[in-house]
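Report on the following structure.
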Amino acid sequence: MLKINHLKVSYGGIKALNDISFEVPAGKIVTLIGANGAGKSTTLRSIIGLVKADSGEILYNDTNIVGLPTNKIVGEGIALVPEGRRTFPDMTVLENLKIGAYLRTDKTQIQEDIDWIYSIFPRLKERHWQQAGTLSGGEQQMLAVGRALMSRPKLMMMDEPSLGLAPIVVQEIFSIIRKINNDGVTILLIEQNANMALRTADFGYVLSTGHITMYGTGKELLENEEIKAAYLGKKKKM
Amino acid sequence: MKKFASLFVLVVVFAAMLTGFAYAADDEITIGVFEPVTGENGGGGFQEVLGVRYANEVYPTVEVGGKTFNIKLFEVDNKSDKTEAVTAAQNLVSQGVKAVVGSYGSGVSIAAGEIFAEAEIPAMGASCTNPQVTLGNDYYFRVAFLDPFQGTVMANYAFQNGAKTAAVITQLGDDYSSGLGSFFVTAFTKLAGEGSVVSQEQFQTNQTDFKAILTNVKAANPDVIFAPSSIATAPLIIKQARELGITAKIMGGDTWENVTIIENAGADAEGIVLSTFFDEADPATDEAKKFVPGFKEYLVKNNQPDVIPAVSALGYDAYLAILTAIKNADSVDSIAIRDALVTTEFNGVTGQISFDENGDAVKQLAVIKTVEDGAFKFLQTVTVTE
Amino acid sequence: MKKSTKTLFNIIAVSIILAMLIFLELNKRKYSYDISIIERSIIYAVAAVAMNLTNGFTGLFSLGQAGFMAIGAYTVAILTIPVEARAGVFYVTGMNEFLSKIELPFIPALLLGGFFAAVLAGLIGIPVLRLKSDYLAIATLGFSEIIRSIIASPQLNMITNGSYGLKKIPRFPSIFVPMILCSLCILIIVMLINSSYGRAFKAIREDETAAEAMGINLFRHKLTSFMISSFFTGIAGGLLASYMGTIDSGTFKITLTYDILLIMVLGGMGSVTGSILGSFLVTAGREWLRFFDQPLTLGSWQVPLFRTGFRMVVFSILLMIVVLFYSKGLMGSKEFSWEGLLGFFKNLFTRKQKLNGGVSNGK
Amino acid sequence: MENNVLKLEHCTMQFGGVVAVDDFSMEVNEHEIVALIGPNGAGKTTAFNFVTGVYEPTNGKVFFHNELMVANHPAGKMKKLYKGDPDQICEKVVRKTPDQITKMGIARTFQNIRLFKALTVFENVLIAKHMHAKSGLLKTAMHLNYKEEIKMRKEAMELLEMQNLAAYRNDIASSLPYGQQRHLEIARALATNPTLLLLDEPAAGMNPQETDELAAFIKKTKEDFNLTVFLIEHHMDLVMGISDRIYVLDFGKMIAHGLPADIQNNDRVIQAYLGVEENA
Amino acid sequence: MSLATFLQHCLTGISLGGAYALIAIGYTMVYGILRLINFAHGDLFMIAGYLMIFTLADFPWYIAIPIVLIGTVVIGIVIERLAYKPLRSAPRMSIMISAIGVSLLLQNLATYLFTALPRGYPEIPYLKRIYQFGPLSASFVTFLTPILTMALVFLMVMMINKTKIGMAMRAVSKDYETAEIMGIKINSVVSFTFAIGSLLAGIGSILYFTDRMSVNPFSGSLPGLKCFVAAVLGGIGSIPGAMIGGFILGIGETFLVALGFSTFSDAFTFILLIVMLLVKPTGLFGEKATEKV
């Protein structure tokens, strides 16, 4: 579904991505793991068109989307749940969801989708008149996911959805990710919580200072000693 | 785009350097025209420039020592701004002008006066009416009457026409308006007694809303309102006063004799009273009789309305004064021209002109005009002898 | 470049300038226009360098220049107008009894003008410097308008002569006076910038939080920078008063601030030599561009655009070009150096070569 | 009195209705390396900021070398919220601004590098010397403080040499590679002559190898400069490798503290932060 | 002061305040989205005045008014595209300087094209009809201005809170990037904001100049600055705030002049600003912005 070929990105002379290639097959969950500053977020941002790629291709359903403006890419069915949630704090929950459907014009369908989101996240329904800024971290994350789903994406990218959330909430989020995936949405996930991510994902890629250093199925990577050492901490000993 | 931009800059700079300076040839005398054509007084200044240009067209040469000199005008724009005025005046000095005509607006004339005096170049003010222009400056002369005179004229006129109380509105930071206003107050108080000026209001430069001031004036209920102000503000004051239902007679100074005021104030301008230097319907001298039709034609040629502004007439006279002085001095030396000016006497468009010890035109006569049917109409002449 | 060559270059440059000044001084009358442009440029340069201290080096966007210059100018004017001329100047209301007897020489009056400006800057800085940058901009802009309207107010007629302005301010006896004073001012600012305090200012510009973590008291340093800048702006105002000989409140409108701002931006924020260069270019440029205001005829064809006011249009377009395409200004945040100058010419040369190469390849 | 360098007592921070830090007390002893860990949003940075003066706690006290550095809302309605000994409440509000705190001897680095980007490496370090300068403004501006200036420059240069950054001295800070920028930031902090060094996620964005190097560097620096170190970090390798003691925050509450080995095996910590090892 | 005089002053103040409010809203909207003090806004208002003079010379008022409004909107958008868009990622100071540059350019261009001489503002039928209520006397526009202002503010608030584009504007003002990944075209939203701001400046221009009857190249600059202050007073970013700020300024200024302190009427604006910044830096209705370290 999504194929990245030799993507290179740099900001103001500093190379952020140095020739990376990977694939996201339709209907799967793929995760990119790596340290802070390895280029994970940059990858997602260049896919959605927020940063311009220096060279390389991003093939989405076999068409190159490099250089397209973000709103076109979103229109093509790619959504991003940004790092740190970034809900619109002054808007109500409902408004946040509606803005997720900004590019859509099918009013009745939108209303149905809102109901669908509420069914996935009943807590949001309870709070639909509350301003997003007053929600807890976990609820905001749910809202951010719901907001992204409102554009009816075929591919949903998530940037560190577990960031700063309590473990129980993290588990809830990941189970929701699986559920959404079961509903047919392809997911590209980047995570610091490599453990959780690799367990959820079908495939994983390891990104380190702008390069892909390893890839495999989630399970393979989980068992890789090197990865254990570098990204899973020394939990083995515990 | 960037390349184009740099190219543009280069071209502009070089073009500017290449043109710029031109020096007078042997048989030429340069006279500086020191006027605002931009800025607050740009409008009036331009009308004055037109008068000077026309005079130059009519009298392009002067004979000195049996030799015919072409008179060339060198115009600088003082932008109605004192800082700019200093540089502009220095520019005239550098150009080696023999004499200077200008400026509209007393402030810039005062600023430049010192520079002309230092350079020993005589300057002939046209419509700058503030006493400070010539006071203590041996090189500044003028063809216009002065504000104390004008203020007294207007006070006399008002009093003679039955006004017992008056309100005065002046502009802050403006020599002309503040000065004229205070001279009026002095004169009117003398005539009608203490407390006869019932309201004195000031407004800021660039202010366009006078309703608050006028509401106060209305509350004081004066017989006349004296509001010497620039062309820009006059119509606003007039219209807003009428809108507030003020029926008192509104009077102004010489700047008001400008068709733009009638254009802008429309029907409300009917009945305003102002003092001025010149009346095109009643040419006072032969020069004036010649001037009126000629200048009207010239105005039309320059896409201007064919009503002669008094400042154009003054500009014309200022040029004429310099010209006469050159003839009288029979010299193109600027100091000689200044010395000749002291005793110069001639018939200008605005009457017979000679200069007193301050360098001010000796004029006892002011023309009072009003607006009737959308045109300035001669009302009476007022003579004040002190 | 060797140090000795640099010194040689510097000596040559200074002597050329000196020779030029002496030449101008000797032919005062003929070159009075040029002299006045140079005087005005150098005075504006002081104001621009002072503005650069806050805006370029400390990162505070202050737009109060006109107000501070007004304070300096009025202080100098009130104190230096010869006592015997005062009755004539204050012809409407007369001068305040107490003030009318005080007459100071130019330099003490100038310093006092700077001092008053700095004190007022302190007063306004204390509340406003705690706020974000654009509020400072608006507050200082407003402040300078307040100063102006207070100066023009009839209530102060006895001190500032209200709307009538002040005249008969003693003018510079020779071009060397402003030249030396201005150079001195600029030198002091440059020395300050190159001192430990200057580095602290730059640190604040770069990153306030980090500067604070370096033990720099933000508020105190900002205030210091703002007050010193205002002091020199006041001095520039005082010099302007003497340059003009006549001042009134209208001289110190917002446009004056914008002029200084333009000079600073054109020269490059954070570059002292840039400000000086900018000042000469802007002041002289305005005069050069005067020909745009005259009707121009090429052969029999009257060039259509050339008429009154066109100069200022061209001028503002130039400003926009600088802002949009050379946002760093002429010098960026660099200072003038002989190497830089040589490099510039070298660059020009090599670029041309490239161009020529391109053409020959084309053939 | 104990020999602690830094002590937080019953610190609480409320933002609006959210309690970011709830009754947090901790101490850092002389010559220790202490780490504060916990999930993002757990209040680590907020707690850190009490010490650096960026935030004032809604309630609580901070001591530095047993000297009261921050004390807030000691009386009034906030009194009720104070969870320490009521007799200990002092009546005065004490707050130090970040610059005063730096002067007291606490230096810090930032989570996202905050160098003076357009200045040179040397200037970056030299600026830190400014606060110790004794000469007044006038003297400094007239360059009459040359002795002091020379001393400042010499000290800064020595520091750069010690940190192996001397080769970059005239480079613009932002042109350095990422790792060196972090390094410079620490060097700059050291230039303020601190006794306590606060590091805010120093290993952020570093790969495991670089992290190892950093760990060694922190240890060495601590010895060289006779420092006490307090840090926030996510990289468990680094934290476990160098810390003498660890505090763990979750939802603003301290859930554990102790030696690294204890923390690694603490159930609550594993629950809240380290992750549940279901099948490992 | 008699009651009639007092009421007359009130009328003047409210009418002036209404015109200020309309311009202030333009500032507040642009500032809310771009964090830019659009110094050229006041000059745009002046240009709109000139546009009306020229269109009304050739067309009846019901055609001229739409032409003027459309023209103003187009100029506003063009300014944004040419002078602000290229600098969107530049430091704040550069954009501010660019704005000052545009302001200078517009003033100089107007001086060049129309000369510094003030031009009479044409009378639009109905607006200038004078009504007498006992001792009070005022033209229709005096009454129309505050009413129209309030109606427009109501419409604006509705638009921002209830429509899709309004939602997009709020989103963009909070967070460019997140707005962008919602599929919002930032450039279109910014242009739209400028369009609305310019439209209000256009309407404000008609009301203001009808009341004051003449336009010169500098008639926009001071009202422009004052209206920015009004926007700050009300809390920048808040539309009702800008309206209230406008009215406070208009009424305050009028009464200051009425009481004989016209010298300080401009100073008043800025003293109010400084006092407000001291007491409540966020303005009457502004939101608190916390900076993250």
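The letters A, B, C, D and E name the chains in turn, as written, and every chain counts its residues from 1.
Just so we're on the same page, a residue touches a chain if its C-beta (ideal position, glycine included) is under 8 Å from a C-beta of that chain, and two chains touch if they have at least 3 such contacts.
This one's a predicted model, so the numbers in the text were calculated from it and none came from an experiment.
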Per Cα centroids, the chain farthest from chain A: B
Farthest chain (mean CA position) relative to chain D: B
Distance between chain centroids, defined by C-alpha means - chain B, chain D (Å): 72
Inter-centroid spacing, chain E versus chain C (mean Cα positions, whole Å): 32
Inter-chain centre distance, chain A versus chain C - centres from mean C-alpha coordinates, in Å: 54
Inter-chain centre distance, chain D versus chain E - centres from mean C-alpha coordinates, in Å: 48
Per-residue multi-chain contacts in chain D, two or more chains: 54, 110
Residue list for chain B, restricted to those that touch at least two other chains: 37-38, 42, 46, 172, 202, 204
Multi-partner residues of chain A (at least 2 other chains): none
Touching residues on chain E, where the partner in the complex is chain A: 164, 167-168, 170-171, 174-175, 177-178, 180-185, 287
Interface residues, chain D side, partner chain C - complex: 52-54, 97-100, 102-103, 107-108, 110, 114-119, 123, 126-133, 135, 137, 140-143, 145, 149, 152, 188-189, 192
Parts of chain C lying in touch with chain D, wherever the complex brings them together: 188, 191-192, 194-197, 199-200, 202-203, 206-207, 209-218, 224, 333
Sites on chain E touched by chain C in the complex: 35, 37, 82-83, 86-87, 90, 92-94, 96-98, 100-102, 104-105, 108-109, 111-113, 115-116, 221, 225, 228-229, 232, 263-267, 269-271, 273-274, 277-278, 281, 293
Chain E-touching residues of chain B, taken from the complex the two chains share: 37-44, 46, 80, 172, 201-204, 206-209, 211-213, 215-216, 218-219, 231-232, 235-236, 239-240, 243-245, 260, 263-266
